[in-house]
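Lettered A, B and C in written order, each chain numbered from 1.
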């Protein structure tokens, strides 16, 4: 049986002190949004964890999710997650291409049958297999073949989780999500456009640490990061409650940091960790930068009636349709009145 | 403050998150004194408004002891102006913050020398000493 | 399409169209009815002025009846005032109206709205109890009375539940709230709730008629 080093072995071999390891565990615990009292348990689990094989499949995507993830870490600390996994296939990042790359994928699948993780970003087009192919293999075929021996599938980004931008109206490629296609393997959705990079690494860390999938909500998202709305954790919430809103970009209210509800913020209906974990290593998030939340971790966020239309508005349709409805009302009223008049006249005539 | 600062730093909502945390610290200090139980507060898990974290840090200030740790990047472990209340700042080799904690304890665990490291160091020292011994017996200068 | 998309989209659109069509139907259906010819002599001539005057002063009970109507008057005014504040002075609602008619106005803080909303529900329940226990009201109340009460109170109640949550997801509560408003809009033109716009026509007509007859307006 091939010797697979545990994370503890790897760190020791790299000369990482126990203090360094504790620091890594503290960062991972924080990343997993677990209470600090869990650090010893995490340390114990990580020390003994084996490196899982990971196959990353990129389909109809903009590569933003991969960019987000590779920006998220320095190679030594949180990036240890990638030292702790064996990224056996990632056609954007890897050096090999074409047949050699596909051979590597098959080798990883065979060696780790039943135990490897499949990470997917991008949606899968069902309209025509030719819309998106890798090495001549359609996305659909590659997905179905690769997940056969997978322990679990992680759909990274809103495209893989819900169809994303390719799936937006009118969905010309027939784009579907991973969950639409995979029903016999556990699927974790990590949506966002892109997802917060630390969330991606945290989900992987969680799998690595506990060897099991995190608790998921009804849309398959880890509750630890998608359990609260932006609105519920937003630091501008007191302004919402007091009725202080920015009316336009860069007006007085905007400069004072007031609530962006009137500018179309979808925070109340969006579940993500942006308000707590924030972006760029905890620097800021869209609302803090003055832009309303787009709701990018929710299904169909491109088709929710406009980024700058507030949550409480509705689309009333065209002016022509409204005029038609009004005219219909007047016509029916006039007809009813005419009927009444005729009846009245008849009654008078009949004495 | 320059005008850019005025635009990008709205009035810090000081009462928002800072006060409750300070109350939590007081309770934690009581627990430490009475029950000898330490408390760790993960500052990354709290939604701070812009400027609030800095307000908290400057409020707690610095005490007598500051330790610089170099392990997978720099970390600073600092006792604040309130003894028993420690501010831990963990960064990676790029200088990015990867963890921020308040520990209410007599000494944070990470400051103490760890068993695994002591064992490894003792082994190293033993080997080095053996090297001296064999060097002397080989006729090297005493 | 999830429940919220349905509520904000097709449901609300249909409701607004039905509201528009229905309101104009009823309004014109009444205005275009044949007027009874008045065979008596004209006593006074200021019919339009009287119509406007009566539209205004019928909002205030005539002194002779103030004592007898005090319960209904106080409770009724509180209910209408409460509905006005919660519907028209809550900023997310103002934004909704701005999307429809393009006009904007300032609102009140959320906790004030919530407080008024709670009072509105309390008064609404008081009104229902009166209708169900008062010997005369109980006899003459029909489906329209009870259903109109229901479709009016439901948006207020569902709106109050939204900040309280009871553990339900916010977007679900919002969808239910919007659907309750859609129901109100669909029913409004066809029952007694149509008084919101018919009131003006009926009071004005009464004013013109009694002015013509020379009675006190």
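The rule is simple: a contact is a pair of C-beta atoms (placed from the backbone, for glycine too) under 8 Å apart; a residue touches a chain by one contact, two chains touch by 3 or more.
Remember, predicted model here, so these are calculated numbers, not experimental data.
Engineer: Name the chain whose C-alpha centroid is most distant from the C-alpha centroid of chain C.
Structural biologist: Farthest chain from chain C, going by C-alpha centroids: B.
Engineer: So which chain ends up in the middle if you average the CA atoms?
Structural biologist: If we average C-alpha coordinates per chain, A lands closest to the whole-structure average.
Engineer: Taking each chain's centre as the mean of its CA atoms, how far is chain A from chain B in angstrom?
Structural biologist: It comes to 33 Å between the two C-alpha centres.
Engineer: Find the geometric centre of each of chain A and chain C from their Cα atoms only, then give the gap between the two centres in Å, rounded to an integer.
Structural biologist: One centre to the other, that is 43 Å.
Engineer: Whole-Å distance, chain B centre to chain C centre, using C-alpha means?
Structural biologist: Their C-alpha centroids are separated by 62 Å.
Engineer: Using the touch definition up top, name the residues of chain A that touch chain B in the complex.
Structural biologist: 16-20, 22-24, 26-27, 29-30, 33, 35-37, 39, 73-78, 233-236, 238, 255-257, 275-277, 281-282, 284, 288
Engineer: Give the list of chain B residues in touch with chain A in this complex.
Structural biologist: 6-7, 10-11, 13, 16, 40-42, 44-50, 52, 69, 71-73, 75, 90, 92-94, 96-99, 101, 109-110, 114-117
Engineer: Help me check something: in the complex, which residues belonging to chain C touch chain A?
Structural biologist: My answer: residues 1-2, 4-5, 8-9, 12-13, 16-17, 20-34, 91-93, 95-96, 98-100, 107-111, 170-171, 174, 178.
Engineer: Once bound in the complex, which stretches of chain A touch chain C?
Structural biologist: Residues in contact with chain C: 229, 231, 240-243, 245, 261-262, 268-269, 299-300, 303-305, 309-317, 321-322, 325-326, 328-330, 332-334, 336-338, 340-341, 344.
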